[in-house]
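Some structures to go through are shown next.
Shared between the two complexes below is chain A, which pairs with chain B and chain C, respectively.
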Partner chain A sequence: MMEIAKALPTFILFSPLIGVAVILWLPRQKSQWIRMAGLLGTLPPLLFAFFLACQFNFTRGAVQFRQDLPWFSIPLGQQKWNFSYQVGVDGLSLPLLMMTAIIVVLAAIASFSIKKREKGYFLLFLLLEMGMLGVFVARNLFLFFIFFEVTLVTMFFLIGIWGLVNRERAANQFLLYNGAGSVLMLLGFIGLLTLFQTMDFDRLLGIMHDPQIMQMLAQNEMAQKVLMGAFLCISLAFAIKLPVFPFHTWMLKVHTEAPPPVVMIHSGILLKMGAYGLIRFGVELFPTQVKEIATILAVLGLINILIGAALAFVQKDLRRILAYSSVSHMGIILFGIASLNVAGLSGAVFQAVSHGFISALLFFFIGRLYERTRTTDITELGGLASPMPVMTGIFLVGGLALLGLPGLSGFISEFLAFLGLFHTQPIIAAVGTLGLVLAAVYTLRAVLTVGFGPTDTRWRELTDARWTETIPMLTMVGVILLIGVWPAVLGDPIQTTLEQIMARMGG
Partner chain B sequence: MNTLIDYDWTVMAPELTIVVMAAFLSVIDLFLHPNKDRRLFMWPTLIGIVGAMCFVGMSWGKPAYQILADTYRVDDFALAFKMIMLIGTAFITVMSYGAFRKEKGFAEGEYYYLLLTALLGGMVMASSGDLITLFVGLELLSISTYILVGIRKRSVMTNEAAWKNVVLGGVASGFILYGMSFLYGLTGSTNLFTVRDRLGEALTSGYDLYAWLALFLIVFGFGFKVAAAPFHMWVPDVYQGAPTPITAFLAAISKTAAIALILRMFLIGFIPLFQGGRGTVLDEKTGGRVLLILAGLSMIVGTVIALRQQDAKRLLSYSSIAQAGVILVPLASWGPFLFPSTLYYLTGYLFSTVGAFSVLMLIERESRDSHLSSFAGLSRRSPFTALAMTLFLLSLAGIPVTAGFFGKFYILANAVVTGSPEHWAMYLIAGIMLVTTVASYFYYFAIIRMMYFRASQVEEKLRIPVGAMIVISVAAVATLGLGLMPQLVVDILGNVDWGASLAPVK
Partner chain C sequence: MSDIAWLIPLFPLLAFLLLTMGARRFSDGVASLIASGAVLISAGLSVGVLIEKVSMVAPTTLRWRWLSLGDQSISFGVEVNQLNALMLVVVSVVSLLVHIYARGYMAGDRRVPAFYAYLSLFTFSMLGLVLSPNLLQLYVFWELVGVCSFLLIGFWYFKPEAKRAARKAFILTRIGDVGLFIAVILIFWQVGSFDWGPIFTAVEAGKVAPEMITLIALLIFVGAVGKSGQFPLHSWLPDAMEGPTPVSALIHAATMVAAGVYLVARAFPIFEASDIALDTVTYVGAFTAIFAASVGLVQHDIKRVLAWSTVSQLGYMMLALGSSGYVAGVFHLTTHASFKALLFLGAGAVITALHHEQDIRQMGGLWKTQRVVGWLFLLGCLAIAGIPPFSGFFSKEEILTAAWLDGRIDVFILGVITAFLTAFYMFRLFFLVFMGGKKAKVEETRVPRIMIWPIIVLALPTVGAGFLAWLPEHGFSHWLTEGTGIAAGPEGESPGWLPLLTVLISVVGIGLAWLRYGRGRVNSAQVEAEPAKEFSIHGLLSHAYYVDDLYRWVFVKPYRWISLALTWLDRYVIAGLVKGIGLLFQNLGRIGSTMQNGQAQTYALVSLLGLVILIMGLSAGRWFG
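So, the complex of A and B:
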């Protein structure tokens, strides 16, 4: 039993391949079977993830379920560069792993609306899931990079084949921006490799927090430069992914052009890979360097919050409103990271998970809505509450969670992030609170226009939610409520791990 | 003085096998009725190549051996390059099977034995310890490929390609020979080791200008052969006009042979120019910088022009210019992985290039055109081919998990390790490599876009001949396998004492 438990991350990681293998054998015409296989294929990772969460020791901050298998090595003179398959889960990756496993199942249900080339779609969908899970369990930079790239390539196809009218441009832009980001990341990783001869994350952590080695490095000007360069490359890569303000254009395109289930994943999980990367490789790995740019991060966060909120307010398309609101909410994550204390960082992780579920819920709604109305323009929509009360009600809950209503998950995460930043950068944090007001304004504008007011004759006949729609949406609402009223469910593992990170940073 | 009988001729077994097979085929071709189908020539060709591979494998790991008055060397360096070229030619032989069946007046007999002589030229180049053998090998390869490029006598485009190839290739050979003549003039020897010993003397006694002149002339000629910018003008036209298997040969095997040549020349003959050429008009880093410029320009020019291509064959030929730049980075940066990273990249590049060109060949046969739009809807017409092509393109673009990704990673690590404040150019070249890599996504994915995002006018299944099918499958497995398990090749390459390959035999 213990042997199996030790390999749980590996099981989680590769279990989507079961679905891939099954779908490969199904004939192309049996679209109904393929859909079912696709949905069932997302269940094993979820089951394994739940099993892992049950076995997880919440009082330990360190990495658990660590697995280390040699993969290959490059001889370099007398010594060797070893590259290993290293996976593990700690309090930081567990919540994101769980979130990924859950949202992917719901997105698979939403994917039933995909009506062409189902076989290819679900194959890529499951491979994408594997990539995302791999990003969150990898404990080796090389492995991390490979899974990061897997998500890049699969997303390119998912956007480009099943997207809306301008899908090809959206796919291209996605590829080029994120390609540039991952190439930067690779450069940063190689910088670390040449400096420390390893890509093992836990060994790098040990080295970066070893006062003796750091003192030696402090005298070596070259090493300092390489270290700073690597840090900047890696941060920039994740800043593009998050996205931080000037790099956000690709993400708008994806939000508006990709098929709704893919946007659920994109906005719910892929953007969070940026946040996760910034915390894992920025804060955890580079404690000294990140302190130097904390203020810049806070300012960037402020810009994200305000610009995102302001632009969300003037949009007419529901997808674009949510896209800009994502920009704004990612700013809050930056706030949490910039604070560099336990409260702020747990706020950032909370925000990543909570916004993951909220945006997945909202995009699930939008996908269903689009299927019925063929438009997401809020000037055309209105008064939908009377033909479809349940759907609109859930949409309202999602909106309220987005604007941070107490009792829902959005509140606790924003509260923590701001609390953290008020300790270190009170002025920026104070200006940032303006974003919360704006969030209420643009969210309510969208929700109220769509849901209430006079109902257009076109929308009188719309059907309300079927059970295949209600169950996933209520699941997400349930998670949002759960985190809102009982934050400890998420907070405990995060807390212990973050405290350990902070203790290592020395304050 | 040794007599010819004293040499251990078995070390030349791979070359001799190829010679015997080429001679055998040419005689058979002579006596066979002109109207007879010569498709079956593929088999003897393949048997010869596989036999040579076995001999190469058997000599691997043995100490270096020199024969024919030290003009011909058999060492691990030569064997590794020979192996790559043999594998590549085997692929091209198999993919040609049945490829020209419907063409009238296609000299299929010549086609196969000229492939063998071209391969032989490349092998001689890899094994040379002397300027003369080096040049003989180069010319054997070049002249064979001149004919192969023009083997479709009745096609206008092929004739243009052949003509350009002969004229420009001839000029390039002339440059190399001119450079070699300066070397001989300075040192009084054509033996690379003697050249090395005496060149240092020449540098300090006021003849440094001629030494540098020799270097630059050889680099010019080499630039042509390896298809590096700014000597790349001939590449797109020749690649486009040549029969597609021959294009693959030029892109994969000719390039490998040219890299072998320049490595030998630089790391043996010209080494005094790089190791503190005191009192020279140019400073000691210049030699390396020549290659850096060549590498950087190739990557930039190849990538930028490829962005605008609408023809898949031209696109791949510009991409091969950019790839030539990447392959030159290790040599330009010297680092601890110079040999293994170059050889690894060449191996990965070989599989992806040959694979990509064989898919292209199928498309060309169907639509009589290599325009990008011919790829439209391939994912429907032949899911397997589309998937394999995607894999090859991902590998060329350097995206995991493929051979090309690990190769680029290896080269990049090599460049970054060498970098230092005095050696800042390494960071620059690494930067250029990364930027062009991202830009290259755009054009490699242009083909993928066509295959998966666009619908095709033709709906019927793509017909795939057996030969091409085998080549595509094997290349796809190798591209993926080398990406997942780089250890397979790294183990072989990483543990060789490359220094011994470059030392004279006592």
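So, the complex of A and C:
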């Protein structure tokens, strides 16, 4: 039993492959079976993740469930590079891991609306899940990169084949940006590899926080440049993923063209890989370098918050409104990171998880709405509260969470991020609070236009939520409420790990 | 008793949860019983707590850990002191009466259970706000009452006006809330705690720089301005009258809008430490009082007259607090809650009798047919006009005394003029509705009993609450400030001529209203013709000084234009650049153009590029080794 517990991250990571195996074996025509297998295939990772959370020691900041197995080595001249399989979970990755496992199940339910080539869809879907889980458990740069690429490739096909009208262009842009990001990330990783001869994250951490080694490096101008270059490459890579303005064009396309369940995952989880990467590799690995760009990060955050909110205000398509609102909300993550203190950074992680669930909920709603109305243009919608009170009510709750209403998860993250940034950059933070008003402006515009007002005759006969819709939506509402009402459930593990990171940073 | 104060907000919360989960299963009657029963328990407990607090003033505190922040632990809990014990009773009793009243008023509505669910959520949030032992918790509930107000203003969601009013209320109060939000954060970094106790200690010990105290106090006040409909964030409150009348009575007259005043009173030691902050509170309050009263002179909607009157009276309370009249402000909050709730419920009875007619130009002569409502409404008018011995006389009296003793003669004069205007517009309303001939074309319906009884209950404090001021040895003000370190009001003896002046000025106001509207001289045609002249004082007043139009042209439209310009930039400049780069890539990797090969080629190219770099890097590493 203890042995199994030790290998839990590995179990979580590869358990989607069970579903993959089953689906491969099922004939293509049995679409109903494939759907069920796809849904059931998302359950093992969830169960394992819950099991891991139960076993997790919440008072320890360090990485737990660490596994280290030699994998392969590349001989180069006299030297040899050893690559290992290293995974583990700490207070930073646990919340994101749980979030991924939960949202994927709900997205699998939403995927029942996919009506073509189900076999391929669910295969890619489960592989995508494996990639995302891998990103959050990897403790090795090479391993991280591989899983990051897995998410890229699977997403590319999911958008390109099952998307809407302009899917090919969206997939293309997705690939262009993220491919560029991957190249940058790889460059950064290789920079580190050449300097320190290892891709083991935990060893790198030790090296980067070793005053002696750092002092030695400070003498070497070339090494300093490589280090800063690696840091900038890695940061830029994750900035594209987050996305930081002006690298957001690709994610607009994905939001509007990808099938709604895929957008749930994209907006809910994949963007958060940018946030996770920035904290894990930016803040944790490069404590000195990140301090130098803290102000820049805050300014970028401000730009994201304000421009995202302004653009969300005038869009007509519900999906575009939410896409720009994601840009705005990712600005809050940047705020939290830029503050470089426990309050702000935990705000960033809270925001990653909270926004994950909120945007998943909203895109679930949009998917179901589109199925009924065949439009997401808010100028055509209106008064939907009358034919579908439950659906609209849940949409309203999602909107209120989005604008940061206390009692729901969005408030905690915004509050902590602002709390953190006010300590270090009060002016930028003060200007940023304008975003709180603007968020209310665009959210209410969307929610009220869709739900309130007189009902168009076209929409009088719309059916309200079925239980297959109510249960997933209420699950998400439940999580959003839980975090909002009892934030310690998420805050305790995050903060123990963040405190350790901050202690290492020395301030 | 205070140990179980945490139960007070719990019951309305349970009612809310029950009603939300089983919305369709409950009949209207059962839903109203659940909600009213819950708030009845809360009201009973609140009265018990208040009675206990009369004899034992030491604050009681209970708390639970909510979230840790480093070595700081943020807690939630309840704290009972004199101020919030009083507020508990005001909130829960008015809420109870409104719950009962709404059974009659909302009869026949399609969504009665939803209405009661929102009402319960509001009552829970408002009680939670009042009981908050720290600023963060107060902020949380502050936002929750705001969202309940939003939901209830927009309760008739299918009406476009209701939708607009709900949105406006949310956004304007949100602007204020951001001020409070910043204040909460600044306080945490200055004091290291959100709790009132440590905050006051730090302020009094001079641990916080004076400029910082001023800034924090002003930011808190910004929050209060938004919530309490003070200038310049006032214009949502008259529009909020789109909500059902019981909601207007509870939220937009008696309780939530008074939360801003409550906040200033609760944070009073911070304000006392900054003269600039006190000045700001006084002048904003005084200006709002006279500004809103003047607009109230020309309104035609019965509820809008009362709404502008509420704005004006809240300004009065701010004026009192700014003039160091702590007790006067809180006292007026209490009396105003009773007589304004009475007036709104009375207005609701009139509206019901006239089949949802709200235009006072279409009313008249109701005294003959609605005698009980008429009497009750008259009591409310007399109270708000400041005629002795009704409650409003005493509290208004204390406010003007505070303003006089504080030495701001300009503020005092503004206060007196406002008192005159108040008497005038309230009796304009009264005479137009109840006197003169009948104008209603339809048959009046009988007002159900269940709507009359709550008004009668409210009439008791409307008449009697003023005598609190006459308790021996300043009993009320002594009790309210005991152990808080706050002065009851400015030092000095109140001048003997002051009550005479205020009564006189009110009587003149009533008299003028009688001359113009009471004797049946003004016929409806004349009143209707009033707003026709656009560029007159009358036009200025009936457009509320064009504040909304100003906001539309200075903030709303420019923001829209900027956003549209940004959209254009985003679509054509930023995306255009990307497209350029994209085309370059595509041409490089172009063999086919369909999904299955074209884009995959691009991907292969990128991967290849990555691999090349990987190998290059690996070999380059040897140079560093």
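The definition used in the following text is that the second predicted complex is superposed on the first by the 503 of 507 C-alpha atoms of A that agree within 3 Å, B and C clash if a C-alpha of one lies under 4 Å from a C-alpha of the other, contacts with A are read in each partner's own complex, and residues count from 1 in each chain.
One rule holds for everything that comes next: contacts are C-beta pairs under 8 Å (C-beta built on N, C-alpha and C of every residue); 3 or more make two chains touch, one makes a residue touch a chain.
Just so you know, these numbers come straight off a predicted model, no measurement behind them.
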{"item": "First (chain B), second (chain C), both or neither touched by A:73", "value": "first"}
{"item": "Chain B versus chain C as contact partner of A:267, first or second or both or neither", "value": "neither"}
{"item": "Chain B versus chain C as contact partner of A:256, first or second or both or neither", "value": "neither"}
{"item": "Which of chain B and chain C A:423 touches, first, second, both or neither", "value": "second"}
{"item": "First, second, both or neither for A:161, with chain B first and chain C second", "value": "both"}
{"item": "Partner with the higher number of touched chain A residues, chain C or chain B", "value": "C"}
{"item": "Contacts of A:491 with chain B and chain C, given as first, second, both or neither", "value": "second"}
{"item": "Touched partner set for A:146, first chain B, second chain C, both or neither", "value": "first"}
{"item": "Touched partner set for A:437, first chain B, second chain C, both or neither", "value": "second"}
{"item": "Overlap of the chain B and chain C footprints on chain A, listed as residue numbers", "value": "74, 76-77, 149, 153, 156, 160-161, 168, 171-172, 175-176, 179-180, 183, 186-187, 190-191, 193-194"}
{"item": "Residue ranges of chain A touching chain B (in the complex, touch as defined)", "value": "71-77, 120, 145-146, 149-150, 152-153, 156-157, 160-161, 167-168, 171-172, 175-176, 179-180, 183-184, 186-187, 190-191, 193-194, 222"}
{"item": "For the chain C and chain A complex, residues of the former touching the latter", "value": "65-70, 139-141, 143-144, 147, 154, 157-158, 160, 162-163, 166-167, 170-171, 174-175, 177-178, 181-182, 185-186, 188-189, 559-560, 562-564, 566-567, 570, 574-575, 578, 581-582, 585-586, 595, 598-599, 602-603, 606-607, 609-610, 613-614, 617-622, 624-625"}
{"item": "Of all residues in chain A, those that touch chain C in their complex", "value": "74, 76-77, 79, 81, 149, 153, 156, 160-161, 168, 171-173, 175-177, 179-180, 182-183, 186-187, 190-191, 193-195, 197, 223, 226, 246, 249-250, 307, 310-311, 313-315, 342-343, 346, 383, 385-386, 400, 405-407, 411-412, 415-416, 418-419, 422-423, 430, 433-434, 436-437, 440-441, 444-445, 448, 451-455, 486-488, 491-492, 495, 499"}
{"item": "Residue ranges of chain B touching chain A (in the complex, touch as defined)", "value": "336-337, 340, 379, 394, 399-401, 405, 409-410, 412-413, 416-417, 420-421, 430, 434, 437-438, 441-442, 445, 449, 452-453, 485-487, 490, 494-495"}
